[in-house]
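First comes the structure, then the notes that go with it.
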Amino acid sequence: MLGEGILKGLAETAKNFAGSFVSAERMTTVEYPEERIAPIEAARVFPFLVYDGTDWESGMRCVACQICEKECPPKCIYIEKSKDKKPDAIGKPQFYPAKFDVDIAVCMSCQICVEVCPFEAIKMDTEFELSTDDRFGGLLLDREELSKSNEYYHQIHPTEAAVVDARLTEGRAKADAKTTAAAITGAIRGAEIPKRPAEGGD
Amino acid sequence: MEEGLKIELGKQGVFVTTIEELYNWGRRSSIWPMQFGLACCAIEMIATTMARYDLARFGAEVFRPSPRQADLMIISGTVTKKMAPQVVRLYNQMAEPKYVIAMGACAISGGPFKQGYNVLKGIDRYIPVDVHIPGCPPRPEALIQAFMTLQKKIDGQNLTGEGRPRHLDAEAQGEFPVPVQGEHDLEPSSNRLVWPLPMKTGIRD
Amino acid sequence: MASNPYFSLAVLFVAALGFGLAPLGLAKLWGMVFSPPKPNAIKNSIYECGLESKGDAWMQFRSAYYLYAIIFLIFDVEAVFLLPFAVAFTGLGVAACVSMLVFVLLLIEGLAWAWAKGVLTWA
Amino acid sequence: MSLSGLEKEKDRPEGWNRPRLIEPDGEGELLEIAMGPHHPSTHGGFRMDVALDGERVIRLKPVFGYLHRNHEKIAEGIGYLGSMPYTDRLDYICSLTNNWAYALAVEKLTGQEVPERAEYLRVILGELTRVQNHASSIGFLIQEMGASGTPLMYAFREREKILDLFEGLTGSRMMCNYMRFGGCRVDAPEAWLTAARKVVAGLPGFVDEVDRLLTGNEILMARTQGVGVLPPELAVNAGVTGPMLRASGVNYDIRKVDHYGIYDRFNFRVPLGDHWDVYDRYMIRMLEMRESISILEQALKDIPAGPVMDAKAKIRGFRPKPGEAYGRIEAPKGELGFYLISDGGPNPYRYRVRPPSLINLTVLEDMCLGSDVADVVLIFGSVDIVLGEVDR
Amino acid sequence: MKTIEEIKAAIEAAVPGAGVEVVPNASPSGQHSLRLEPSHAFEVAKFLRDDAELALDFLSNATGVDWPDKEVTEKVKVKRLVTKTVDGVEQSAEETVEESRKRVEPGCLEVVYHLFSMAKKHGPVVLRMKTVNRTDNVELPSLTPVWRSAELQEREIFDLFGIVFTGHPDLRRLLMWDAFKDHPMRRDYVDPDDYEYEPTAHEQVLARAAAHTAGEQIAGASAGAIPGGGQEGIGGK
């Protein structure tokens, strides 16, 4: 009879209305500021620079090789190399970025910089509450604002951080083995002028 | 009216407020956004109004199609040079007091499409923007957090004196000229009153 | 004057009028003191989906719409007549009901004729 | 209407595939209105200049370009990998099928193989994208008919579950940037697969719920049956693809025609319509959701272990040999194709996207002529377009 | 489906004097294409669509490609009078000398059509057409009367590349606004100068900005010029 389809639809919405008091599955609203959705581990918003230890300047893993600057599709990373060197994550003296700006008003959070970075120096953060009314200052993050500790990285991406740490410790082990081997050959030759250590970086 | 006295009176059941607080509270609790989706951020804006994130809790789920009945314009998506005159005309046609949220990287600075020939590098070249939300697209929670930022900003406005908002002061700029589509680009390429030439032009040579 | 039977009615009327006009007056006062009107050419232009509107809306349109509007008008006026009847409905006798029924049925008969003539369909 | 009728195209009158002229009935003037860039029914910045005789549509000229973001010009400036996140923003409701089409085109250009598990993951994510796209498009279609919100709420409740799966695997709800040339970026952990199985188990219940809510609804039937009819010869000649084409009774599904990916391992049917109107397009999307759910169940059941990325695949310094290739897939909106010309350099020489939404709009005027203004909104909604893909 | 040579033969049989040539495609996709002469393109298109065996009733994709003028250096054997002094006697002799000479190969605008068959479900037949040059003679016959799906795509190619399609029912700009003058997808297009605030500008963005400011410095306009050297020109901070 006429109206039978509409009644079936109304029954459906009535069931949903009654169900919303009873079954949690039908009550999907998450009252954001008070109640939050469980953070999803693989989430990515904006990049950040990882540093080991406590001091962000010396512990920074980035060696300013500028691969991420070239590969970034919207071109929102700007790097300037430092003049002097400091030991990097594996302990080899490398350059470090004197200036590392990310313009989060352009960044499309596509994580290609993370994918192409050979030094595990840049990872994706999950912090998304960044709305601001300051156009020029608030949206251009410089080196200091970007740097976050490795512990923080373990906090937001535990499994990925563990894999990265394993790779780094293995790298350090290989580097130590190489330096000890170089030290032994160096000692044997003794009188010979030691060659300049191989240039690191790109 | 220091806070301590107000709280004490509140305990006794006497509620004291000023016209300014009442005025701001009234406006910020029911901001009606204009139905104005441009691109991907519009889908996240719609997702924000749906059941899971529920923008209605902030009094803003009424999306008014016409600019006459809207207080807030959420620019969600890329503003192209073909669409820019329409966006500025719609902003002009909105009734005062009106606010603008630039949602997403494209609305703030052209975002990933900044190198495009038909993309306006940020809507704040023509109209004043109140809150910027970085992200591409920003999560629905980020849009709700931007609403709370805007509400705090409205709370902070005072009725008279120097810091009063644009719609309460007669000399402030009421009209934002609509750019004309010329042969190669929009003329003028930006509205100097709204888009101050940044202290440094930022071109690195 | 105080004992005049209609005095209470006058007070109620003034209160109703005040209750109606006070917010408008307050809004006008607020507008003059705090937020001055700032009309400009673009703000006053006709809203047409963000474009400048070309042509004007005053044009000849099909006669079917005019008839549709007239029939709506008749039933709108009829509703106004029904209102006092509905308010005092409990206190009235059968005669009043029958007369009101005749009034309503006459109009419905007019509508049926119009519908049969096909005035309501303009596809 | 079988396809055999197409062979007789030779004896068709000249200009049979042009929109037919509608004579106004001469009583009043024509009202020229612009259902303009800012209009509640136009899914974003899209304009239709409509000439009306009373309520009937006499002429309808669509105007595009309000979201022309120069995707192809930017793609000529950045490398092949750099364009992958831009493909998410083409059809921003189904980002994974865009990735897949682009990856397929580049793999055809370079002759790259894809491991088994990656093919399965691509099918799973592609079909999940199709389900949430069809659910959203039905929700938007009924929303424009006047049911403000209810069906859209149901559709988005389901879409949020699927977006949580995408975020769990790729990191972003809408902009997944997940597929690479020769496989996928991240392997799906077992926990994700169980979560996916749970969501897919709930999908048939959702489709039945929407079916009960809408399919028998008299208002929906009255408003959409017989509206926006698209005859099959015109659909084929105008290059219409996807659910709109199958609603016009033409059996052409690229998953069955091109046999790309591993679709041959799953048995699924291709629903066809026989009234060629808006109601058929609605029903085709409902039935296609059921077919996608059956594909998902089969794919999730027998997904093999193994590598997700081909060993020889290169991320940086990717320079395909000079040549050109056109790769296409069955995106939820139609045939999404990428035509790449490589000159041996790191950047593509020419990068062209075949937008199903734009080409499906070629016949918008033919469908809307003679119908009422209110139906124009419905017919436009039934085409199911996304502006990012129309204007690129 | 027939191979590309068979299709070429079928076309030449059906449309005498069609002037079709096969353009090989080096990539593993193996999608070779047929270059048509613009003069006969319309008849060939109608034949491809109406032929019972080919039945290419579905034009899937129409693409514009811009091939700018190329500088080709090639080794040329040139006879050159060479005067050699042999033990004090002037002798001039004809000698062929290898010379590399720069020759500018004129560019062209090209349209590529991908055809499929929905009736017979077989794969892409690729047609190509070239214009005479890139400046004044850029007409090509429109295939919209044969396949309606070319209508919007040809309008887009006209808008972004500037190829004028004769016989197109409604040739207007599709994506850019009507007052727009240049054709932006051409490789020699310089986009408008809007590089005021570029906090992370490097490489390409600087090159494009330099293209404008260099122009302005020559024109002497000081407004948009880049401030003095040094890095402090970073916005904000």
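Order of writing sets the chain letters: A, B, C, D and E. Residues in each chain are counted from 1.
The definition used in the following text is that a residue touches a chain if its C-beta (ideal position, glycine included) is under 8 Å from a C-beta of that chain, and two chains touch if they have at least 3 such contacts.
All values reported here derive from a predicted model rather than from experimental measurement.
Shared contact partners of chain B and chain E, listed by label: A, D.
Contact with chain D and chain E alike is made by A, B.
Relative to the C-alpha centre of chain E, the farthest chain centre belongs to C. If each chain is reduced to the centroid of its CA atoms, chain A and chain B end up 30 Å from each other. With centres taken as mean Cα positions, chain D sits 47 Å from chain C. Per-chain CA centroids place chain A at a distance of 63 Å from chain C. Measuring from the averaged C-alpha position of chain B to that of chain C gives a distance of 37 Å.
Taken residue by residue, chain E touches two or more other chains at 175-177, 184, 197, 199, 201-202, 204-205, 231, 234-236, whereas all remaining positions touch fewer. Residue positions of chain C touching 2 or more other chains, listed in rising order: 49-51. Shared interface positions of chain D, defined as residues touching 2 or more other chains, are 36-39, 65, 68, 70, 73, 77, 85-86, 89, 157, 160, 175, 391.
Every pair of chains that touch is listed here: A-B, A-D, A-E, B-C, B-D, B-E, C-D, D-E. Those residues of chain D whose C-beta lies close enough to touch chain C in the complex are 27-29, 31-39, 47, 53-56, 372.
On chain D, the positions that touch chain A within their shared complex are 78-79, 81-86, 88-89, 150, 157, 160, 164, 167-172, 175, 177, 185-186, 209, 212-221, 315-316. If you check the complex, the residues on chain A that touch chain D are 2-6, 8-9, 11-13, 28, 40-44, 67, 71-73, 108-112, 115-116, 124.
On the side of chain E, the complex with chain D involves touching residues 25-29, 31, 49-50, 52, 55, 57-61, 63, 65-66, 112, 114, 118-119, 121, 123-124, 126, 145, 147-153, 169, 173-177, 184-185, 187, 204. Chain B makes touch with chain E in their complex at residues 81-82, 109, 115, 117-118, 121, 181-185, 189-190, 197-205.
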